[in-house]
């Protein structure tokens, strides 16, 4: 690693946490518009975070150190993942944590602690949230791994940056398995980021919520970290979707101009994703919890077909 | 026994065989004992006849012992048993007489069949007698199977033994008199012990019907 | 070393009058013995020499031949390592049994158990192997029934012993076939002579070895003994059984399939893959439905054996195509996971033991809030839970990663049918990882977090010093094996490469920053980087946030519960936690649920108490083992009729036999 | 000379016991003197045979390697059973189950029984052997009916009748075998050696018929199925020391007879005939008890069935030939030791619990720790668990058959598994379960006396040692015996 790479590394590391609240805001805004509301400004999430950081905090008397430590760890994990995936350039040689399995399992690490923290307060909500979260997470894993594996097998490597580079150079004719894998990935994306039809990110209603139930007991800075981490995760998955399946435009080198172009393109792609998600969220109903597995298995099966179509 | 007339031997063989068959037919314990005595007498006669060509004092002793045990002592014990427990008629079979006879016939056919011809090499004086003796063995065994009375079983076993001895005699398989004595002694002990047991069983079970003894199973 | 164990065993037996002395003597010698074993095997593993001991016996065919080749040394090392720490644990923990059960007997069988395991993995004579193998089963049987006044223990023990014996019958059969083919029972000689065996023979050997060793390893559906036997034993024994003993089955599979039997067939590997996928997936699902902490862990052993078999199966498939490098990769993955599972399962069982000792119950629903009462145990258990859920940067993740990679290579390499099996294996492995995480969120969360759910749990206290030390050792090992997995893998690659069928295969490059590269860079990862990354990020975030918010106060208050008072009854239960997943998997699990509601009056409108009991129909019992047992009993009943008690019938048997044989003779001539 | 002692000693002991009036102690002393004498005599014979290949006395008594193997088991179990009997009978006398005259009867018959067995082993004449084996039947009949209960009478009667029939058939077979000696001279004394020598001149079909008769005849005594029916009754009803002798010695003696005739038959006809017959009987004999053991309710019968099963294994081993024969002979020795231990522990349990029903026997390990451990270890040994020798011999036998009789080997493996499962269930139920004392007559904890535990402990130690180390003399004896049988 030489000195000239440092700014790009900083960009890589900071990009996800810096932009994630923005895209949450954007998604909310689009949704609001589609629902004929005005909605909060797109920068509202930043304000929320600031407000939360400035608040005192109440912690349940039943909670243990795990409850206190979890937000830091979960946020840190999203940082590491954010730094490991291709965002604007494939030229950062991250051969250490850039393996797609590492990313998938790091996500699981966050989920693990999130679920534990949900149980820790002893509230009835938290426990159920954890239960549902783990169910969804467990069932998502198959589709997620296999959809990414499709790409890995096409490009003969499991390194995300390399995958991105390879897929980008493929002719369009070989896109059938990739599209299938993308469908599968999208389902996993919705599940992992707690979106419709899996979860309703907007309510605190016990019948519908998963993610929110777990963080119900958090307040102040820890709630801020939790929300922020979840925003990071949202952006991470969108970035994966955007840069692995549609990697055109991602910079292949570490020069300023291509990187900045790629950044712009990246933002555009993410916005498209946000739009799509907002449309989905506004147009379909949340599924009953026991219908979710069907969807997740569908994702799994589609991936299997996709892999079958490779080469 | 080559010097003996085939016809004479066949008569003895038939007596032995017939008494075994009649053992199946008789309904009385006393007549069963009597039939056994007849059979034993035939055996004794054969023994005596056979002793003519190789005379020795020990052989005489052996023959006398055999005669004593088979014709006198064993029946004596049996009669005692019958007398003590009034067992004259206690004869019970699984198969009725006609069926028993059919089985006997089948066994007889068996001894006439081909596989038996291997034994014919033994025959020093015609294999007819051998076959009859062998049939006696099988029929006596069948007696022990078919009859439920302890006494009948004992007689069946002794008749089986007679059959074997007869077979040995017809095949010329005499053993040394010393061994003959030993075997006879053995049979004597056996008869005594079996009689004592039969008597004890009668006391425990109230009859000599062996089918009453069916506690030990599984 | 053997002498040390022998001394430990018999000394403990002699000292059985005095509990303390027996404990000290038995366990200290076990520590010394396994320490020696560790050094010895470590040396053999690293130096690459192969010490061989052969003592002729006075019996034909039998010789006490021990060979510490790479594979043996590796397994020996695992055994020694876990045994060492378990002995340390035992020193502190068996005090519960003082006055209740004989410590001397425990020490005796404990030492015999360890030493027999060591001999199992080093024996190179089939007869000798069978002897120590059975001794191992025997010793562990007595350890399972150690708490012999518990009926459950006795039942578990009987089932265990019978299953083991059944397995051994198959193993014997496998060896007999080898003997038939080669006329020898020495592994070396068998290896040399078996090459020309017919496919039928090879397949027969494969199948019977698979069943025989599969019983020990606990593959589904031969696993029925495992969930009841492991929990019945004292916890350090469970740790050894689950962590190490079931691996001896894996060891022998490797030994036979990769070392002795040359020329694998494709279907062998595929069969292993299918069994592995089934075992891992079903194992974890059963674990989810379990509310007995130790049973839960036992089911996870099945799951992990499944994962190991996935690695093994892929290796066997590769080996059948002659792709030795890939085969070595799969084998190394299996070996790695074997070692990892040994460490974290041992840790979890020890932790469970500490919890049970503290609360006097195995029912997970009765726990809760233990993290405050037993903070250190909780921490170690957490480490174990993370490792078994394959979370980076711990060791469980790396071996699953490696297994994944081996399977990926299979998808790349083969035609449709094989490929589909590989894909499904990958899928099952992925699902397994997720479900294991779910299960351990449940296990850890319900056990240690929130409020105590029962009196016992509220009064629990931290376990003694030595057990904690043992757990700390294992936790450290887990982290170490995870972070330094590159170096470990290099050693394992040589172990895998030392197999006769995979001679000289290169597996992985360990490059700069300890990153591991598979298949010329197909996949690269660096465990130290992940470890440092996560830690650094967490520290940075913590520091930054606390700097940012140092003026903000933190208050504690009751958990919000819609305004009502919160009681432990409102917390989620283990049943509730896993119910959704079980409902989803009802097709395979066949859950039964009974709802009982007591009403205040006859009107049945105002429920007073509602109880929901969920359990699983044991489909293996219902559909495999019970019919088998019933059939045997029926046949036995028929045979009993032979002995009818009727003497006439008895004579008839003799008569018929005679006639029959004479007829037979007639037919012959 | 020493061979004569073997017969004279028990005979004298029996006569001396007959003369004893009133004092049980005198009977005990006689037994205690005679048993070691017999054992030492047997051991001396064994050494002689090992050194010189054969031990002879006159033309009538002789022992070769094969005889010695059986002789060892008879003497060893006899020795242990003698001392165990003393302890066992003392306890029964104390409980007033039996009185002096019964004890005397026991010892007289015991000595006769031993004498008959010794004689059967070392006599050179087939007919004398037959007589001796018949004598064992007669001497044990009253021992089996020792308690004069209805069921023991029943057992004794069945024993007497079935064995008599069997032995008569065996006698018939013996006569058929004697035909070749017929030509030489009528009064010639026929011994085993001359039988084997003249075997070649025998008509093959005749030899086959003769062997069938002998196998069925002596097989009845060995307990080969389906002629085994008397065995569970007799072994379970006899006093425990006698059960041990019946199972541990008598079966071997009868087996010896079969083996000797096998050698004779093999001289006349190809060995494949006798082997296939023995394999057939072996399989049937393993199958029937294997299943019955599972549903058995009476522990002494359980052990008796196990004896049948083991005789089946021995027969099978001989049938397989090769290493199997060696293993079968060794198996006989191991089985004698293990089964005696089991019957001795059964005796202790019976003394304590007063019932042979397994259901009534619970918590042996708590009530009688030593017996409990003996029972457990004995069970492990008898079901062929390592490190006990029976495991090895079973493997040897199977390995001898694997080449030519694959289905048989598979079947037997499964049957052995079945036996193990059945045994485990029963033994665990008896020993490990917790004992709940009935309110009426609680059982006092503790053993019945040192004489009831020391003999089985010693036998067991011997068994364990023999499982690890096979002394060279024993091995060479077994080797030469096996080569005799294999031809």
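Here are some notes:
Letters are used for the chains, namely A, B, C and D, taken in the order the chains are written, and counting of residues starts over at 1 for each.
Throughout what follows, a residue touches a chain if its C-beta (ideal position, glycine included) is under 8 Å from a C-beta of that chain, and two chains touch if they have at least 3 such contacts.
Predicted model, so just to flag it, every value in this text is computed and none were measured.
Inter-chain contacts peak for the pair A-C, counting C-beta pairs in contact.
Between the Cα centres of chain A and chain D there is a gap of 78 Å.
Measuring from the averaged C-alpha position of chain B to that of chain C gives a distance of 69 Å. Chain A and chain B have Cα centroids separated by 100 Å. Separating the centre of chain A from that of chain C, both taken as means of CA atoms, is a distance of 35 Å.
For chain C, residues that reach two or more other chains under the stated contact definition are 640, 643, 647, 651, 654, 658, 662, 665, 669.
Multi-chain contact residues of chain A, defined as those touching 2 or more other chains: none present. Multi-chain contact residues, meaning those touching two or more other chains, occur in chain D at positions 157-158, 161, 165, 205, 208-209, 232, 292, 295.
Pairs of chains meeting the touch criterion: A-C, B-C, B-D, C-D. The touching residues of chain B, when paired with chain D in their complex, are 54, 56, 118-119, 121-122, 137, 141, 144, 150, 153-154, 157, 160-161, 164, 167-168, 171-176, 179, 182-183, 186, 189-190, 193-194, 197, 200-201, 204-205, 210, 213, 215-216, 218. Contacts from chain C toward chain B in the complex involve residues 640, 643-648, 651-652, 654-655, 658-659, 662-663, 665-666, 669.
By the touch rule above, chain C contacts chain A in their complex via residues 369, 371-372, 375, 378, 382, 386, 389-392, 397, 400-401, 404-405, 408, 411-412, 416, 419-420, 423-424, 426-427, 430-431, 433-435, 437-438, 440-442, 444-446, 448-451, 513, 515, 517, 521-526, 529-530, 533-534, 537-538, 540-542, 545, 548-549, 552-561, 566, 568, 570-572, 576-581, 583-584. The touching residues of chain A, counted against chain C in their complex, run 53-66, 72-73, 75-77, 79-80, 83, 95-99, 101-102, 105-106, 108-109, 111-112, 115-116, 119-124, 126-128, 130-132, 134-135, 137-142, 144-146, 149, 152-153, 156-159, 216-217, 220-221, 225, 289-290, 293, 300, 304, 307-308.
Those residues of chain D that touch chain B in the shared complex are 125, 127-128, 131, 134-135, 138, 141-142, 145, 148, 150-151, 153-158, 160-161, 164-165, 168, 171-172, 175-176, 178-179, 182, 186-190, 203, 205-206, 208-209, 232-233, 236-237, 292, 295-297, 301.
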